[in-house]
Structure formats: structure tokens, C-alpha cells
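First chain A sits with chain B, and in the next complex the same chain sits with chain C.
Presenting the complex of A and B:
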């Protein structure tokens, strides 16, 4: 099924949070890794997400602010909240869909081509083996894609990458949204004709493409990115076999850690290449919470290739003009306006975890526990970002906490709470 | 069970807490983070208590209902005690944030309330008959009221406990732990709701008054606030953002 191909591509990467170093450095740090989906051969456009956050996160650790203890902490807290809100929204959309639309949580015999081994065996050992094999296949596909991406980026095949990205978002915004809308209508038994649906999907998709790849109000762009991450997460929840999904989540966090932090990791190489070239990040792969990066982008480097100029100009224009003051901008204003960036892959995997907790448990306590665990993990990651000030993977800590809390709540806390609620005991 | 029951119980249980959140916490990012941190620590304490309970259930006689109930009570007491150890860690942060304690107490309360009542609320939306086997008809309503009391109590306990720790007045700390245990043990009398809910509310009111005075409130402040004459309060809330 087509969805399977795109899923692969979709998942591209990681999210790393990259802090901006100092005020002179353009805050819009190109985000190399998240480039276009690695799936070049696949016909479906994968939607690559994630990416590492471009340097947007201004961590409060700017030298000027070190004297004041509270101010940095407040800026840091503001950035954390700027990420909490979209992550929460994405998770809410996924959980609401899972709980109301039965399609995404019903069992299916169709599987992604990346997870060919079936989990329908009664033997536990065999099932475990199959999940591990599925995971190995999936992770190796991702590794291959990432390396392909790095190669493409290094050899400056920007047009190819762009085309790929556009195809991916087309697929997500039109095809997957159409499927989603169809399922929602089926669930609520709404009678609908094709003409109306065509108009709706056309408008939704076209505006989405414009907002994401070109210019648009920041809030609308953020909303679209959140929605497509949620869609992707729903597809994963539906088509990944249960045990494989958990093993994949664990393996992806490990991969994220390795790829971003190890010296030869593809993502790290991507980040470094992008930083050397001082290039802006490709749109549609990361979520960014603020918009001010025009000032530095207004003067793109002279020796940049033409595409980068276009991009720079585009991204420059995309940042809304209300903040655009070509004159000197105070350091702290710049600080205030820069935002934090998180790769869409992170959104997707967080939502997959919470969505699976909602789908398989049927129980709200598990979902809530995973939700809180992921938010705390994100908070810790941002704290580490403030301390280390370099690209960091955002998946490991949150997914680890999420997995620990999922399994422990499901097996330990749930029976305890069930018994308490039966007797109406309160703790 | 209708939408009316669902919405009514949700607002009863979470109304005061959500309004507190909106008016005092939602504006400050740091407070939101501490709210979530409070919720997280409550979860961890619950996890540990459940682990102990689970192990004890596994090694006990599963057939005997009274033994199971006894183990459950033991689990409740243990989890209350564990919950009280976590605020002690907050000592570390006290130098920075004055509102911190209230917020993390509210976080504890939110999580505790949510874990107690969310599944019940979810069930109340679906079809069914309350008390079909002869149980109480007022299950949902009493759960909602109890949850509201618990959430507010956690907040008050947080303030008082923290103040007790700070001033090294251990009898205050002990009083908080004891009252928490008392409230939990009162719930063992459910479904005789009169004997569990009424004392709980009395305890909640007294804890509320105690916390108010601990946090520096007084009748004078209250009067000024209610008649909108408190200049500091007005200035503080109209500060430019």
C-alpha cells in the first residue's frame, strides 16, 4: 500500500534541538539533517520530518544574561512552553482521533513493506523475534535513507531535495488528509458528496503547500505542521504491528542518540555541513516556534549557490515583516524573537507513543502517564540543550521515560488503580 | 448516563483546579513547568507504591477477598506516605520561586485527581446503568466531589508541608501526613458517603484556612482583596506583559 512507502520516507529524522551560539550567528541555522526524505527511489513522497532543529533555540545561556539568574530561566521556560504547546496539541489530536475514529486502532492485516514479518504467531518467542527483525529492517532503511540524504546534501542536489520534499508534503496534505476525512465522516455517519470533499481537500492541501513551502502566517504554518505530524503518527499507529512498534520506538531513540552525537553520525555531519555553508533549513521539516530570522537572512552570503539565495530570500520573506527591522536590533529583542525548533520526527514519535498507549490500553491513566513522561523528557532535553548548546537528539530521554511509564502503568499501576476505584478508595 | 453527568462531574471535579490554573499558572511558563514536574513526581510515587502492592499481591493468597482488601489498604497507606516524601525534594528550589510550592502541590493534586476520576468520567459518557447490582446511585457525583476535595487538599498540604519544612516545625509536617492518611482512610467507608465526604470537606476547609494563614494571608488582606482596594494586588495583576 502506498502508505507504507511514504512512511519510510517520512521518518527521517530526528529531532535535535540546536541552540544558536551567539547573537551574530543567524538564528536560522540550517537544519541539514532533516532534509528531504531519504527515500529517493520510492515513488511516494515521504514526508521527512524531523530534523533537527535549526539553531533556533536560544537558550538562555547567552553571555549577557548570565548575571541575572532569573531572566535566563524565564527565557528558558518560555522556550520550553513554546514547545510544550505544539507537542501537546499534536498528542491531543492523535489521542482524540484514536479514541473516536475506530479505523486507526482496528487490527489490520496490511503491514508496511518495512515490517514484513507478521506478529500473528501464538508463540511468544517467535513473535518477539519477528518484532526485532522488523525493527532491524526499519532502522536499516532509515539509516540508508539518512546517508543518502547526507550525500545528496553534500553534493548540493538541492533541486532534487526540494522536489522530494514537495512530493512528500503533497502526499500528506492531499492523500492522507482525504483518508482521514473519509474515516471521520464514516465514524460520525455524515453524508457527504465527492464535490464538496474535492473542494475541501483542494483548499486544505493548496493552502498547506503554500504555508509550508512558501509564505504564510506563522500560526497557520505551525498548525499545518502539527496536523501533518499527527497524520503521520496515525498512519504509523495503524500499520505498525503492536510489538514491533514498541521495539522500533526504542531503537529509534538509540539511533537518534548515535546519529546526532557520534562524530561520524550522519545527522551530525549534516548539521556541520549546513553550519559551514550557513544555509537555511529546508522548510516543512521542522517546527519552529518563532519567526524572527530575517535580519541575518536579508543578506545572504555572496557565494551561495542560486538556490540558497532563493531559499534565503524565501525564508527571509516568510518571517513575518512585523519584526523586520533592518536597523540595529537590541540583543535582547533578538533573543526574545528567536524561537525554538523541534524536528517533526519528534512530534511524530511522541504522538505514536501516546497514541499507542491510548489505543492498546483503552485506559486513560496510561495515556496521561505517557503524556506527562514525554513532557518531562522534553523539558530535560531542553535543559541539556541550554547547558551544552549544541545539536541534541530530542527523542531518547522522552521516549525512554514514555516507555518506562507506559509499561509500568499498564502492568503495575493499572490493576492497583482499578481496585481502588472499585472500592472508591482515594489516595 | 448522559452528557450532563459527564460534563457536570468533570466540572465539579476539575473546576476549581482549572480556574486556579488559568488565573495563576497559565501566564507564567516556569509555573507550568513546575506543575508538570509536580505531576511527574506524584506519578513516580504512585509507581513505587503500585510496585510494592503488586509484589505483595503476587505472594499472597489470591482467593481470599479480605486479604486482598487488606493489601489494598496497605497499598493506600504506603502510597500516601510515599507521596509525602516527594515534596521534601522541593527544598532545593525554594530559594528561587515563591509560587513554586503552590504550583507543585496543584500538580500533585491534578495528577491524583486525574488518575482517580478520568476513567470514571470516560465511562460515564457511554451507556450503562449506575448501581445496577445494588451499589450506590451516587457513584459519579460522589467521585467528582471527592476528587475536587483531594485536588484542593493536595495544594493546601503542599503549602503547609513546605512551610513546616522550611521553619523546621516537624509537628506541622506530621500533621500534614496524618491528615492525608486520615482522608484516605475515610474513603474506606465509601459507599457511606456521608461519613466520608463530610469529614473530608471539613478537613479541606480547615487545611485551606491554615494554608492561607501560612502563606501570609490575613483577614485584612482578604477584605482588601474582595473589595478591590488592595493596591499591591491590583498593580501586580495589571503589570504589562
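Presenting the complex of A and C:
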């Protein structure tokens, strides 16, 4: 089975880590002469405010200079956790499937049309050459698709892009999940009839389309995005030849770096155009973990996850400070925390790395090492995002760490541990 | 999508669309409707549209219950009688378990 073309854009636009839209949050301090330049700091003060809820009564006395002393970090530990959880979930789904359902780690003679060169040759040099050639073809396909998407976006061919995205999510949600379900049933030797399967897949797919492309509960949308990333990663793990997969991972992190950071990079242009036009990037390409916090006098901080439209927000919020009485300060304050957005391509490639480690690596050591490496990379990337405050590629650091950890664990640590155990030598 | 942000009319419209959508053989949509709008319909203090949202949630719940019973019945029948049905059973089957039962 060859994966179709409509898969391509699923991952080429998705490798970006973007700070969510960055509106001016209106000041919620009662002082009418509070300068607007401190608005950007009000977000960071949100953290410190929440950590001292009892200090509300002294707030009137708090000098305004305290805001300038706040760290210029826009994102903190909370955002890191908000991304760790979905990335971990995606990887868990992929690893669980690989370990239990044999289908996805079986060797297959079929290959995607994007990797035409076979790796069945006994000659190492030839095999290496073939994998490099496969990578070149794959990356050029991705580059072409990315540029096509950016051009379409620039010239406002929204209908075409929407149609393309809908088609590809249709295929993922229906066809790939159908295959996945079939394989799971075969693994567990369960009989299933077409009627039930049809109802299940129809429901799963239709609700997925509604949630992703229209309106739905945020948690469900996030769950669907995680699942389709996992499905895509499984397809890659199955159909990419082994050595090509590693070279492709390395190459795509380099490409990601170039595409997001260089001034003419397609992904950078996509993000900038979206920000200029004040539009959210298509929901089918990005995972959003936005949250909103509301602090009032009576209730403790009540957080609800939300995917917000900042502009409508702001007009509502600006009215708030004016109509507040100059009474107790904490009454009816509204703080907003913007979440971080992570492209779905990042999920996919992280899961491909961990999945391949689980499928072909030694044992759980390798898998866990790769998992930890990716999370460390993600942490560092978020740190950089907080410092630089603009869209950053999420792949390079994590994939580099992941690759280093995979190869070193597989070839160095694993035999070392086995030898130690063989000789009953505990360190 | 955060329900807190929406004005009540939009909540009602969303609830109605989910309810109507469920008639396209989509009990999952009804389930999502029930879970998502449960707080709005039953826990929140009354607002104008709440009665209508309540009816939609109740009807979605009812529809969901019907579907669950139908599906459970069919699955039980199928699993129990599949081997006995011979050819028809195989024709209906998506996956056939290996080995002897």
C-alpha cells in the first residue's frame, strides 16, 4: 500500500513551535495612569501573582517597579508540562502499538513511492548510498509541498488549502484508523463484523472531522490530533526502510532549522503571514495547548483550557478595568495565559524516532533513553522559545539528542549492561 | 473551544447542531453533546436558553442509550452465533479469529 500524496503536507508544515498569538493584555491594575508599556510584563507577572494569593491586600502598596524586575521569560514550567503530556501520550500510543501489534514492525517489501531505492543490497556502501538518495527524494518532496502550501496561503487560496487538509484528515481518520483497528483485532484474535466496524469507524472519523475542522471540546480535539499523529508515525515506521528512516530524521531536522529560521524559509513565511493577517494557522496542522485563567475574590483560580480568539477577547477585556470599582483589588481580575502551539509534524517525527527505537532497538533501555532525550530537547526548545519569543523549529534539538542517545545506547550502553549482568557485576 | 467564552445563543446553536448531527448514525456525537453540555444544562444557574439546552442534552442522552442497547444486542448476537452461522457469519466478518474456539 502506498501512502498517498495528501499525506505530505501533514508533516511538512507542522514542524514548528510557535508562541501563541501575542496580544497586548490590558493592564488590570486599578491605577489609571498605568503605562501601556508595562502591559507586556503583565503576562509574566501573572505567574508571581498566582503564587502569592494571600498577598492581595498588599497589592496596592506594591510599587510598579516590581513588574520590571520580573524575568522576561514568557513561558514557564506550566507550558513545558502542557506540551510534555501530549508528546508523551503520542509516543506511548506509538510504542504500545509497536510492541503489541506485530504488523507495524514487520519487515515489508513494499515501500512508499517517495523512497524508491531498496535497501536489500548486501553491500554496505550501496545501502548507505540508497538511503541517502531516498532521503534526498523525500526531503525534496517535502520542500516542494511546503513551498506550494506557502504560495497558496500567500495568494489566499484558502479553499484549496482547506480542501487539501480535509482530504488528508479524512484519509487519516477513516482509512488509516480502519487499518489500525483491523490490525489490533487480528493481534488479539477477536472476531468482528463489518456492521460494528462500520459504525465505529464512521463515528470515530466523523466526530474527528467535526472536532478538528469545526468546533468541538478542546480536550477531544487534542486527543484526535495526538491520535492522528501517532497513526502517521506508525505508517512511517512501517513503510520507511530502516537506514533511510534515520537519515531522513536527521535531514528533516536540518530542513526544519533552515525552513523556520532563515529569512526566506517557507515555514517562517507561513507563520509571519499568518501573524500579519492575524489569523490562526489551520487547526489541522497545529496542536494548541492554550489555557485561560480567571482569578476572582470569591473563587480560587479556575483554569479552563481554551482555544481563544484573541481579538474578541481583548475588546471584552478592555472594558473590564474601567468598570471596576476602586475597591478590593483582586475582585474580578482576569488574567490570560497563552499556551504554546506545537506543529503536528513535530509529534510525528518524535514518535517515529521513539517508535523505531522500540521496534528495532535493543530493549526498553534504548526506548526510554530516546524518550528522555526528546523531552529534554523539547524543554530546551521551549526555553529558547521563551527567550526569543518567536517561532522556533522544535525538531532539531530533540531529534539530535534522540539520535545521539539511540545510537550510543544501542551500540555502547546496551552491550555494556548485558556484559555487566552476564558477569554479575553491579555498579 | 471553550464554552465559557461563548454567548448563550451560540451555546444553544452548537448544542442543537450536535443534536441534529447525531441523527446521521452518530451516537458518538450525542455522547460528546451530553458530556460537554452537561454542566451547562444541569449545573449552572438558570439562564434563558438553558431549558432548550436541557431538552437537547436529554434527547441526546436518550438517543445514545438506544444506540448502546442496539449495538450491544447486535454484538452479543454476533459473537455468540457467528460460528454457527457458517457462511453468512464469515461473510459478515471483518476479522476471523484463528484456532478452534
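One rule holds in what follows: the second predicted complex is superposed on the first by the 312 of 427 C-alpha atoms of A that agree within 3 Å, B and C clash if a C-alpha of one lies under 4 Å from a C-alpha of the other, contacts with A are read in each partner's own complex, and residues count from 1 in each chain.
We take it that a residue touches a chain if its C-beta (ideal position, glycine included) is under 8 Å from a C-beta of that chain, and two chains touch if they have at least 3 such contacts.
Computed from a predicted model, the values in this text were never measured in an experiment.
Asks: Thinking of the overlay built on chain A, is A:203 touched by chain B (first), by chain C (second), by both, or by neither?
Replies: A:203 contacts chain C only, not chain B.
Asks: Just checking: does A:421 make contact with chain B only, chain C only, both, or neither of them? Give me first, second, both or neither.
Replies: first
Asks: If you stack the two complexes on chain A, which partner ends up touching A:217: first (chain B), second (chain C), both, or neither?
Replies: The answer is second: A:217 touches chain C but not chain B.
Asks: Looking at A:151 after the superposition, I want to know if it touches chain B, chain C, both of them or none. Which is it: first, second, both, neither?
Replies: It touches nothing on chain B or chain C.
Asks: Is A:195 touching the first partner chain B, the second partner chain C, both, or neither of them?
Replies: After superposing on A, A:195 lies in contact with chain C but is clear of chain B.
Asks: With both complexes overlaid on chain A, does A:364 touch chain B (first), chain C (second), both or neither?
Replies: first
Asks: In the superposed arrangement, does A:409 touch chain B (first), chain C (second), both or neither?
Replies: In the superposition, A:409 contacts chain B only.
Asks: On the A-aligned overlay, A:96 touches which partner chain: chain B = first, chain C = second, or both, or neither?
Replies: Touch status of A:96: no partner.
Asks: After overlaying the two complexes on chain A, where does the chain B footprint on chain A coincide with the chain C footprint?
Replies: Of chain A, no residue contacts chain B in one complex and chain C in the other.
Asks: For the complex, give me every residue of chain B touching chain A.
Replies: 28-30, 32-33, 36-37, 39-40, 43, 46-47, 49-51, 53-54, 57, 68-69, 72-73, 75-76, 79-80, 83, 96, 111-112, 114-116, 118-120, 122, 139, 142-143, 146-147, 150, 183-184, 187-188, 190-191
Asks: Quick check: in the complex, which residue numbers of chain A touch chain C?
Replies: Going by the criterion above, the answer is residues 182, 185-186, 189-197, 199, 202-204, 206-207, 210, 215-218, 220-221, 292, 304-308, 312-313.
Asks: Sort out for me which residues of chain C touch chain A in the complex.
Replies: Of all residues in chain C, those touching chain A are 1-2, 4-5, 14, 21, 24-29, 32, 35-36, 71, 74-75, 78-79, 82, 92-99.
Asks: Please give the residue numbers of chain A that touch chain B in the complex, ascending.
Replies: Within the complex, chain A touches chain B at residues 69-70, 73-74, 77-78, 80-81, 84, 363-365, 368-369, 372-373, 375-376, 379, 405, 408-409, 411-413, 415-417, 419-421, 423-427.
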